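Labels A, B, C, D and E are assigned to the chains in the order they are written; within every chain, residues are numbered from 1.
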Amino acid sequence: MENYLYTALFSPLVSSLFVAVFAARPKMLFTGIVASLLIAVSMICSFVLLVDVNTYGPLHVTMMDWITAGNLEIPFGFVVDEVSVIMMVTVTLVSTIVHIYSIGYMDHDKSFNRFFSYLSAFVFSMMILVMSDNFVGLFIGWEGVGLCSWLLIGFWYHKHSASWAANEAFIMNRIADLGMLMGLFLIYWNVGSFQYDDVFAAAPELPVSIVVTIGIFLFIGAMGKSAQFPLHTWLADAMEGPTPVSALIHAATMVTAGVYLVIRAGELYSLIPHVGFAIASLGAFVAVFAASMALVNNDLKRIIAYSTLSQLGYMFVAAGLGAYWIALFHLMTHAFFKSLLFLGAGNVMHAMHDELNIKKMGGLYGSMKATAILMSVASVALAGIYPFAGFFSKDKILEVAFNEGAYGLWLALFIGAGLTAFYSFRLVMLVFFGEKEHVKYGIHPHDAQPFVIYALLPLGLLAIIAGFFEPMFEAFVTRLVSEYHIHIPHATEYLLIAATLGIALSGIGFAVYKYKRGGFSKSLEDKACYRLLSNQYYIPKLYECYIMRPFTVLSKFVWQKIDMKVVDFTVDIIAKCIYASGQEARKIQSGNLSDMLRWMIVGMLVLLAFAIVYSAMM
Amino acid sequence: MYEVIAFYLFAALTIAMFTIVVMSKNALYAMSALAGGMIFISGFFFLLDAEFLGVVQIVVYSGAIMALYAFGMMFFDTTRDVSEKMRSKKIAYTLFVLSAILMVVILSAPLVSSSVQANFPIVEHVGNVQMIGLVLFTKYLIPFELAAIMLLVAMIAGIVLASKKMDEHLNIEDEEIGNVKESR
Amino acid sequence: MEHILSLLVFFPAMAGLLGFLVVKESIRAYGICVSAIEFVLSLILWMVFDTSNPGYQFVEFFPFVPSYGMNYYLGVDGISLFLIILSTFITMIALIGLSIEKEIKNLVITVLFLEMTMVGVFVILDVVWFYAFWELSLIPMLYIIGAWGSANRMYAAIKFFLYTFSGSVLMLVGILYMGYLYHDATGIWSFALPDWYALQVPFDAQLWLFGAFFVGFAIKVPMFPFHTWLPYAHGQAPTIGSVILAAVLLKMGSYGFVRFSLPLFPDASVYFLIPVAIICIIMVIYAAMIAYAQEDMKQVIAYSSISHMGIVILGTFAMNGEGITGSIFLMLSHGIVSGALFMLVGVIYDRRHTKMMKDFGGLASVMPNFATIYGIMLMASVGLPLTVGFVGEFLSLAGFYRINWVMTLLAGTGIILGAVYMLVLYKKSFFGEVVHVENKTLKDLNAKELSALIPLVALVAILGIYPKPILTTIDASVEKMLVLMDQKALQDKTKELLMKANTIGGNH
Amino acid sequence: MLEPISIDIAGLNLQALLPMAILTIGALALICVDLAVKGLNRSFLTMITILFIVLDFGAVIGYKGDVRGFFDVLLIDGISLIAQVIILVASALFLPLSMSHRHFREFKMAEFYALFMFMIVGFQCMVTSDNLILIFIGLETSSLALYTLIALHNRAKAFEAAIKYFTMGALAAGFYGMSALIFYALTGSVEIHQIEQVLQERHFEPLVGVLAATIFMVAALGFKLSLVPSHTWTPDVYEGSSAPLAGYMSIVPKIAGFVVAMRLFEMLVASGVVWLEYVLYAAVVLTMTLANITALVQEDVKRMLAFSSISHAGSMMAAILIGTTQANTALFVYWIFFLFTNLGAFTMLWIVRHRENLWDERYQHPYTKFSGLVKIMPMTATIMGIFMFALAGMPPFSVFWGKLYLISAAINSDYIWLAVVIALNSAVAVYYYMKLVVYMFLHEPVTIDARLYATNASTSLKVIVGFAAIVTIFSIAFVEPLLQVITHYVASSGF
Amino acid sequence: MIGLTHYLVLTGILFSIGLVGVMRRTNLLMLFFSTEILLNAVNIGFVAVSKFYGDLSGQMFAFFIIAVAASEVAVGLGLLILWYKRNGSVDLNSLQMMKG
């Protein structure tokens, strides 16, 4: 089985390196195909491993030593257990589809080859992230996906906004990574190892305060990668990247790494439920917070990005409350329908010649039926309508919140569900139905190539049926992570489900009803709360005004005023003083013999005077 | 008693003479005063029973040295008044008073020791010249010889420096420089 | 193998002398050959080096001035081994990438002499000779900066020279005082470092001596606030000068801390630990901020060097195997990465004769290979895992975490700020549209530049993925040094700290 | 009546006189020969003089006699021997500089060589005696000869230099007399060892007298050693005299002065009168610092070297202040290395001397003259650079080892701050030495005519430079033997 | 009675006069006069102390000082003549070619 493991891990790397050879060349179709095939191989291996783990239990290999210094030993070790194999399967599955999709999507891009190289590199990093058997290994993948995200967001580097967004994403992640590093150091100095097994074995023995600190630090890391408040701004901006990238990285896989981390470190977090609750609270907040921003946004991809953010919040609620398998389950289903949604959006974009404003679309159903259907399916799944995948996972999360007695959280999530349903269908309505606004701009949309649509079908299918794997999934995953039992009376449970479904449906209904009739009036846009939402609560502005600009100003100040005018100037002034004193001392050397003699005599007389004073004193 | 009178007389005269040397604007006066001062100083030597030095003082200083200066002065044509541009007279006098006080304070301190054994004691009833001769040609033979060399050096120096050779101020080097000049 | 160290030290100098006889046209090839041979020699040294022996190997001892305890005393251990290899490697790479035509003969010979002094500093075990090599290294650098630099080169060269010289004269006083103490204690004059290691210095004297050595090392590193010579030196130096300066010369200072300050004055090192750490933190953050504010590409990298050296010193003062080994590894990695970055700036400077970021933009599309290698080096500089930059930075910070976590957090902001200025630099110069017409026709890397840069790229990856052989070798010697420090420590406080720093678990 | 005195010739230790006698005879012989044969060639004169110096050297080296000689006027102890060796070696090395490519009037005159030899005799007498009278006469003999030698260069500047030097020397002679008078009044003796003895018996009372005597002596010897504030003559005199003589002046009169200072001051510093120590301390620090900072702003290399030699003398004075065996050893080691380095540097100036001041109206060797020399004459520039770095105390060149040993001596005697001051001063000093290097190596040449820089070069000059360079570069090889020998001699003479 | 102190005080006063002369004279010839005064002042002191101690060393010193003075005059005048021949002045302010 080790061969499967290594194949699953390294075939994306091989793909990336192979394609990288042609990176600078013009488009070569075979690079896309080879890359897709190799990712597919990885996917197949992952599925084999899934079966294998299901049958024989986890697989653990140590490839080689990496860092050894002092007492520290970090190997390259990989573990394929119930959690990681689920992640592997999800990642490789979505990746494969995205790769195939990209062959079509990136068809006309001159950096076609480079794109596949980056994309495969991302898959490799992600695999390392999920497969590593220690925290530092995870950190490698963690940073690796960050790098690939940077490369891919900034893929169209000639666009200022793209490279800006790429840098923003990288730096935001770095801030969180620092927290994570701190957590790692703390783990090391208390446990002496980074291996999951050792850490989890030692965790119960550690003082609670330390576990709490570790938990907080690790979660800070997760916050960055999963774009939780207040580090969330990068995710929306990251939509500057090509749409397949958004689908793969910023919806399905990378952003869920934070959730994965919390699930992975579940044994730590289960020791500190209050921290978990804090995580859950933040998650619930983000769920509503992000959904509210999605309500008013007009950018096709940003709406979906905010929805991703909101869904990540749901996952954190589950993970924070200790329902790890539910979090993981939502992670998986979300990966399917959200990537579908993005890829569909990609088709729309292509059709609209990269126009993203949904206000300028409308009535596309006529020209791109397949996409419209797929996106509607994904939206329904997102809204959590039975029997679509989203229903099963999301509903469970609400139940968990209710079960924990965290009614506040439940309420937030409940509202969030309603908002989700509304904005999803606002998007669908504005894009595919209603007035054909795009005609005004002289665009004649057409659907994507057939193979692209076919590639999306598996995702569409999964978005519909994935929910039904829930019992199997629970049984499988809870072999590793702690089980979670819901103790709500059945009646209440059904009531809750009904309520949730109800609010989702009413959200959909409201959206359909409203946008059938031309949407809201313009006057709404002048309302304070509309502007607040459309400006993303002014948070990006806040960051710009109170962090970035001051930092720039301060940096310039430090350089020009402190470094140049104080530190360097002090050094120079010392040198200049010495030099100037030389100029002064030079005056002694007047060249006049009389002066010379006087110096000699006066010098001696002064000494004599001192001598007399001194000897009088003695 | 007569020693006291002599001392104060000579002292007053020497100080007066030397003050003239230092203050006079006329080089001739200064030189004459210097010569006078030297002679008066020899008076001290006689007072102090150092007859040999007294003689030497008169012969060497008043004779040789002053004659040299006199020749020098003729050569330099310094009979006219010299103008000494003192930047500030006050400072000069202050310095004088100060230095005089310092010197006097130091030298009036009880410097001498009562327990010192003379290295070359002056023997009673032996003439000063005799004694000096004895010490000079035993203990101080080497310095004496070296002094001879010094005088020789001074003589050579005087001859060389004042000789015609030095007037050909263009030296050989300069004559040969022509070709270098052309090449530039 | 008896005299391999002497050979290593004096081979480049001899070759440099012979270089006077080589004609101008083939001097570059000559220089590359000599430095390659030297590099191979250093590799041979590594091959025959007994990694299981943490002590000094290939020791050569010749009493030069026995009555005053000055000897010709060479030896190499895990700490110095890789710095030697770094010196020879970087010299070779720098010569390969050399693109200067003017007075090239003098330049190559100067570089070879510089190589002698660099290797000398790292292999010598006699402190007076160490000082001699230390000072000698200034002269070739002065010449390189001053003669082949850009417009303001004189000022930069003189500043560099005077600043470092002033610092080191105080170190000389410290060295001599230490010799005096040794003589006082044993009645024998000796300036041999291993002898000194055996001496327990009184606490008060340790404080003063630590200060004296600190000034010398701190200026070389350079530590805040003694750093202002560095931007000028880098800003004005030719590429080869910057490469060697950043890659090797700065390491002399940090090497000095490991070699001298810690084992000779353990108590003082612990006593001054927090002040030094604060300086390091200031270096990290302050230099990173200044780097962000720069408009000149080379200055960014120059200031980033200061920032990284802050972490190196911080790791050194972690007083544990992780931190010190990490800091030595970080020296190596910073040598490779900053060397490469300066070389890359040199590449673009050769083409455009400007280093201002505003004059570029969109280079990624014009020079893709250049952009790629730049990107790799940038990521290594930022400390991305699996590149060489991560290992040392991680270990240094991890080591210091044991001493003080708040300070580590503050120093850790370096990884954020590092990303900020580096990415901004990359964005400004490589991304965006090609605005300037001159940039549209730029040639990508040529064979010469590629052959200089590809080894560096390879090393970045190889050492990032498999640093273990180097780390274990360093670690053995570092552990030995730590034991020595513990034995020598006079104060209980020191012993406690060393104990704490080197054990897992327990409360803090 | 006087008793007849019988003197035992053997007891006189005539051998002690031999070194001085050889040169005296040599000088007289040379004058006689010159009278007999007109137009002697300078090479003949130079070589004859060197031969006499070598003979003298042999006499010094081979000296086996008593420490005392000639009624105890002569004192041939270890430091005297070392000092004589230094004086003779320096003389023998500086003299061949007369054989430059261009001919100078003074080197054609036999008187020059005679005076040169007399001057050496004077110096030798200074260092081989502890009798203040003999020291005084020796001092004056050498000084008078030196004034003349300077003036013989026959340039307006040379005359100016000689007159300045002479006038200040006359004043210093007055101070010397005053100091000797006070010592004599205090102790009834003019021999240093007796002075020391009596002063110790009197517990250095009256203090004011001791202090005054010391101050006058500091002023008098300070002039010879160019200590602040009696240093003002140095740059002018160096600039005015020819380069060989300037270099010679930076070495030989000073070592003679140092020996006298060692004999006199170390006794006084050891007296425990703190104030004396302070006076010397202040003189040392002031001399080093003031000279250094003034040197910073010089525009002429020769003047810069003059200030640098003042500064070096200041650090030598520090050795006397410290007064331990190690410090005294350091003094001699330092000076020997300084001798070779300065020999090289001044010879270089002599080589590049050009008749006209092409580069600057006022200066003969302005820094600008050396602009870009490395591109015109790489070898010359490199060697000059090495001399400069050596003077700056850059390891591993010569002066560094002296400086090292000196600082070490300071530290070993708990003069830590003195050590720091010396060290910092060498950091300041490096600037002006480096300035020349910067001009030579980093500036663009103003002319590419190499001949302008070699108008005075000749084989003998090149040999001297080469020799000096070799010693400077490989000085480390001489450190051990020098230390051994000098420590032995210094310790054996009780310093 | 006239004691040693009287003589020494006289020495001091004469020496001071000499010093003032050295400081204020700008005519080189007259400056040389002042240096003669210095040496003469010292001579008086030597002889007086010699008398006091009954020791001849002082007189010897004085004797040699006279010799030195004589030699100095010869050399000094030689130099002065040279300078005068070249510059036509014995004023010390004319000696200002070199400074700085």
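Basically, a residue touches a chain if its C-beta (ideal position, glycine included) is under 8 Å from a C-beta of that chain, and two chains touch if they have at least 3 such contacts.
If you want to know which protein each chain is, UniProt gives these names: E = NADH-quinone oxidoreductase subunit K.
From a predicted model like this one, the values you see are computed outputs, not experimental measurements.
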Chains touching both chain A and chain C: D
Pair of chains whose C-beta contact count is the highest in the structure: B-E
Most central chain, Cα average position: C
Chain separated most widely from chain B, comparing mean CA positions: A
Chain separated most widely from chain E, comparing mean CA positions: A
Distance from chain E to chain A - Cα centre to Cα centre, in angstrom: 95
For chain C paired with chain D, centre-to-centre distance based on mean C-alpha positions, whole Å: 44
Geometric centre distance via CA averages, chain E-chain C, whole Å: 65
Inter-centroid spacing, chain B versus chain A (mean Cα positions, whole Å): 99
Touching two or more other chains - residue numbers and ranges from chain C: 162
Per-residue multi-chain contacts in chain A, two or more chains: 586, 589, 591, 593, 597, 601-602, 608, 611-612
Per-residue multi-chain contacts in chain B, two or more chains: 95, 99, 102, 105-107, 111-112, 116, 118-119, 131, 139-140, 143, 147, 150, 153-154, 157, 160-161, 166, 169
Interchain pairs in contact, sorted by label: A-B, A-C, A-D, A-E, B-D, B-E, C-D, D-E
Of chain D, residues touching chain C in the complex: 374-375, 378, 389, 394-396, 400, 404-405, 407-408, 411-412, 416, 419-420, 423-424, 426-427, 430-431, 434, 437-438, 441-443, 476, 479-480, 483-484, 487
Residue ranges of chain B touching chain D (in the complex, touch as defined): 105-107, 109-113, 115-119, 123, 125-126, 130-131, 134, 138-143, 146-147, 149-150, 152-154, 156-157, 159-161, 165-166, 168-169, 171-174, 176-177, 180, 183-184
Residue numbers on chain D that touch chain A, as the complex places them: 163-164, 167-168, 171-172, 175, 206-208, 211-212, 215-216, 218-219, 223, 228-230, 232-233, 235-236, 275, 279, 290, 293-297, 428
Chain A residues touching chain C - in the complex, by the definition given at the top: 23-24, 64-72, 136, 139-140, 143-144, 147, 150, 154, 157-160, 162-164, 166-167, 170-171, 174-175, 177-178, 181-182, 184-186, 188-192, 207, 551-552, 554-556, 558-560, 562-563, 567-568, 570-571, 575
Contacting residues of chain B [partner chain A, same complex]: 95, 98-99, 102, 105-106
